[in-house]
Amino acid sequence: MAEQAHSPVETLALREQFNTAEQQKESSTFGMWIFLITEVMFFGGLFLAYTVYRNTYPVVFGAASTSLNAVIGALNTAVLLCSSFTMVLGVRAAQLGRRRALIVFLILTLLLGMVFLGVKAYEWNEKFVEHHVPGAHFHFEGAAEQGPAQLFFSLYFAMTGLHALHMVVGAGILSWLLFHAVRGRFTAEYMTPVDIAGLYWHFVDIIWIFLFPLLYLIDRHMR
Amino acid sequence: MNTAAIETQENYLNAGYDLKSWLLTKDHKRIAILYLITITIFFFIGGIFASLIRIELMTPQGGLVSSETYNKLFTMHGIAMIFFFLIPSIPATLGNFFLPMMIGARDLAFPRINLLSWYLLVIGGGFAIFAMLAGGVDTGWTFYTPYSTTYSNTWVIATALGIFVSGFSSILTGLNFIVTVHRMRAPGMTWFRMPLFVWANYATAVIQVLGTPVVAVTIVLVFCERVFHIGIFDPALGGDPILFQHMFWFYSHPAVYIMVLPAMGVISEIISVFSRKPIFGYHFVAFSSMAIAVIGFLVWGHHLFVSTQSVYAGLVFSFLSYFVAIPSAVKVFNWTATLYKGSISFATPMLYAFGFIGLFTIGGLTGLFVASLGFDVHVTDTYFVVAHFHYVMVGGTIMAFLGGLHYWWPKMTGRMYPENWAKLSAAIIFVGFNLTFFPQFILGYMGMPRRYHVYPDEFQVLHVLSTAGASILAIGYLFPMVYFMWSLRYGELAPANPWGATGLEWTMQSPPPVHNFDKIPVVTHEVYDYSTVVKEGVEIG
Amino acid sequence: MKIPLFPESASNFAPDVDHLLFYLVGVSVFFTVLIFAAIFYFAIRYRRRADNELPKPIHASLALEIAWSVIPFGLTMIMFGWGANIFFKESRPPKNAMQVYVVAKQWMWKLQHMEGQREINELHIPVGRPVRLVMTSEDAIHSFFVPAFRTKQDVVPGRYSTTWFIATKPGKYHLFCAEYCGTKHSGMTGWIYAMEPQDYQAWLSGGRSFGSLAESGEKLFQDLACGNCHKVDGSGRCPSLVGLFGRSVQLADGRTIEADEAYLRESILQPDAKIVAGYQPLMPTFQGQVSEEGVLQLIEYIKSLAPPAAGAGTTPAEINVNPGAATAAPIDR
Amino acid sequence: MSEHVDSVKTYTAVWLILLALTGITTGVAYIDLGAFSVVIALLIAAVKMLLVALFFMHMRHSTKLTQLAAAGAFLWLFIMMAFTLADVWTRGLVGTLGR
């Protein structure tokens, strides 16, 4: 190994505590995967509550889920899958050092993310109008039992709300990436931030992949 | 090296004196010192609450404070001690400082995230202290619903926010440790050449990463239920308060292993150095740390035996709880076996290690009591359980934390602590501790419930004994605070390796240079190989 | 002044738990003494005599490791089995147990005997007879804890929970709330009076009688006009309640459940949770109109509506419980 | 960069499969399969997750350690759910209220 100067010189691609750029990249990627594990357990708590309550109140959950608009949900899922697609193309562009392609794909991913959030806002507003928002004046006509119905919508807003919050954070990261990509900070040698942002974005997409069927598609045939 | 030369030697402490160099540092050693100051403050805040509780309990009718205040006292004692002292204690101070050095790294994998972790603890602590000053919270550190969501009108939201934020400090520290141990070991530092302190902190990091997020989301749900009245756990809506207990204890039982595993790591180091022998059954002790981390996640239901959890689930949890006890027993037996045919010195860290093994054995064995279904029905939520977890937390973790502090103080500060004062305070702490908590086992079996400040007269004698013990314990804890500060200025200058230890952290000057190693070392020796440090050692045994 | 160091043993469970305690303490004292003795002996015998002593490293012995893993595990399995045995006995009250309803409310215990006696923070029970407590809470989680009986059971809002015991020694025993429930948690205490059977009977008849629980249940049943739909002969839009308790009921979504107290309580407070096969969800919820005591009284009344052979004043005509359902459950005479 | 770079064709193929699976899972939901519909929905979601993880998140080329970590996360999720449901599903089996 090359003789290290007394205090090793610091570059973006090689922080001082690492010995090789390879070690730094592997550490950053592995660190991101560990963070994604904490996110799996974070959402896992909500999925646990969902599983227990759906098991206890199957009928009411079915009725409440049928009141959601599955078509919009499916379209929204497609939007998010497309944003994942453009994201991965962006990461590929960064790997090959194509700055312009990276910028285009980042913009596309950001836009698709905004579309998703827009559709989400529309759905929530629709729920607000129908008095399906848990709280004082909650009323759900689909089932006589208001308690468990309010449980479903509490979980609905908790899960989709947390997911939307993660989308907003993701959009923030993408904008930061865009800002630095435009300034040419990412090269084929140093593109770890793009790769890591990609991992985060795909993870948020995976959460929605599970949220969509579990929230929107319960006993859909009952309608 | 005369004292003047040592003074001018460049190290991480004199690398910068202004506030910016401390508050924006990326050096894992300085961050460890910042953590040490923060958790010491919280330790004394929690200690003050504990003293007030013990004074209140001297009389059966509890004259010192009203019921509301007493409920806030034990709640804030629990929160300050658990979330802001015990969980960060050893990993964030001794772990942060020494883990990188022990595996031959210049720093943790993500220094800036390390600094962020400290700020998260301080911000979280700020919220908690604000809640305490504004009026306190009276839900108990367990926040059981529906009391915490519907019936308590105290500062639950502010405290929950504080714990939520400080939880991420724990998650990020765990993340940092896992990546550092996997990716940044020096050449030759194989997994089985790593000191057991690193193994213990690695196992702790796994628990922090996998468990803490679940309590974070549970607190978010309690927050939403109080603020937006959405009823996840509200029985009036058909919610299940027992689901809250499942989600809470899924984290909070592994959290007790977050608190005790690093302590075990410290004890493995101290026992080995001061008997100058490698730990007996190194591989078994290393694997038992990992076993505790994994099985620790399967046993949380033993907190719910009488909570209308089903009988069959109780059977499963009780059975598995005995599995998690075995690795701890293996460790205790291996530590004791290490002393056999050793060359045992009675320096203060070793006294704390002896104290730890004794008290942790009692704490662990009473764990077997409360894991038995029929017995737990009688003693859960009584002082028997209070005594059990104080034996493991105070008798175990705090003893090991103090032992670790004394053991590594020369390396951290370049000064020796006063040996005789330290031995005296260790003895006072040992006596005070036992007098405080052993009577509580008897109180517990007689049926004294937890969180009571008004109790039947027949319990008073044991309570007075316990309060007497608590006052001795409080004095015992003040000693180290005083002489550690004193040693910073007047302490004898510490050589690089005062104890003849084998870790990589002892191969550098005290206090260590900013970048730990000029050249990343290549490790060739096995772990705890004392022939490398004892010059012309006389073979014995 | 005698300092009590051991709780009284006043129930059928107490001796079992105490014997388990002695076993646990025995094992623990053995290992604690073993460890302390080993540490002291090794520390003194192998104390450092010279600074450059270098002991020969002894690494491991698989046999020893296995020994001190398997032996402790064996001992713990005895603890597990013994504890589980007691826990199982505690979770199955005998059928002939005397039943008392307990309603926990922020910071007091309300107890109701079948014969109508109501007690606050006190419970009079006869010695030698199994007593089953069916408990619920009106607000936070409480826990019914009698140290002398070695029993404890959380009382959770929204469901019933059960604990049972047989008092074996007459006397006055502490009752505590063991689950933190707010400001006066330490004040939520009371007394259990275990009395000789004849003293208990005297107490029972002496107390001001409000009429048995079932009678107050019947009055409430009429006040709430439940009879309009729940006609005795089942001809109304709702199923008849005669002989319902304990019978298995066919639900609209195909499930079959046993009509226990929990089913009756849920059907009063959340009628649409379990709709009987062949009926429409017409019943309004009585959540908030009927207190927990009211629900208990109604349950007792429904229990008292035994099938016609034993029922008072019910027409001898064939009673068809489910006019619509094809598989009407047969009524056992 | 040393790392293997996948072709656009692979990514497009995976993308289209994902869209198709979304359509399928929505369509299948309208058919009455009883309890089986939950299993189908979760299976399709799991397949989609694996596709995204293996291809889009380069799990195929990543180290054994990362794969072990990801698997570990789902094992812990399973532990949490299994033991909690073990309680919820066996409540009252012993024939006593609240046990």
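Just so it is clear, A, B, C and D label the chains in written order, and each chain counts residues from 1 on its own.
As a working rule, contacts are C-beta pairs under 8 Å (C-beta built on N, C-alpha and C of every residue); 3 or more make two chains touch, one makes a residue touch a chain.
All values reported here derive from a predicted model rather than from experimental measurement.
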item: Chain whose averaged C-alpha position falls nearest the assembly-wide average; value: B
item: Chain C and chain D, separation of their C-alpha mean positions in angstrom; value: 40
item: Where chain B and chain C are represented by their mean Cα positions, the distance between them in whole Å; value: 37
item: Centre distance in Å when chain A and chain C are each reduced to the mean of their C-alpha atoms; value: 45
item: Per-residue overlap in chain A, given as positions that touch at least 2 other chains; value: 26, 30, 34, 37, 41, 44-45, 48, 52, 56-57, 145, 147
item: For chain B, residues that touch 2 or more chains besides their own; value: 182, 210, 214, 236, 238-240, 242-243, 246-247, 308, 311
item: Shared-contact residues (touching 2 or more other chains) in chain C; value: 88, 91, 153, 156, 159, 161, 270
item: Contact graph of the chains (line, ring, star, complete, other); value: complete
item: Chain D to chain B touching residues, read off their complex; value: 65, 72-73, 76, 79-80, 83-84, 86-94, 98-99
item: Chain B to chain D touching residues, read off their complex; value: 182, 210, 214, 240, 242-243, 246-247, 250, 297-298, 300-301, 304, 308-313, 316-317
item: Touching residues (chain side chain A, partner chain D) in the complex; value: 22, 26, 29-30, 33-34, 36-37, 40-41, 44-45, 47-48, 51-52, 55-56, 70-71, 73-74, 77-78, 81-82, 84-85, 87-89, 92, 95-96, 188-189, 191, 195, 198-199, 202-203, 205-206, 209-210, 212-214, 217-221
item: Residue ranges of chain D in contact with chain C within the complex; value: 92, 94-99
item: Chain D-facing residues of chain C, complex; value: 88, 91-93, 134-135, 153, 156, 159-162, 260-262
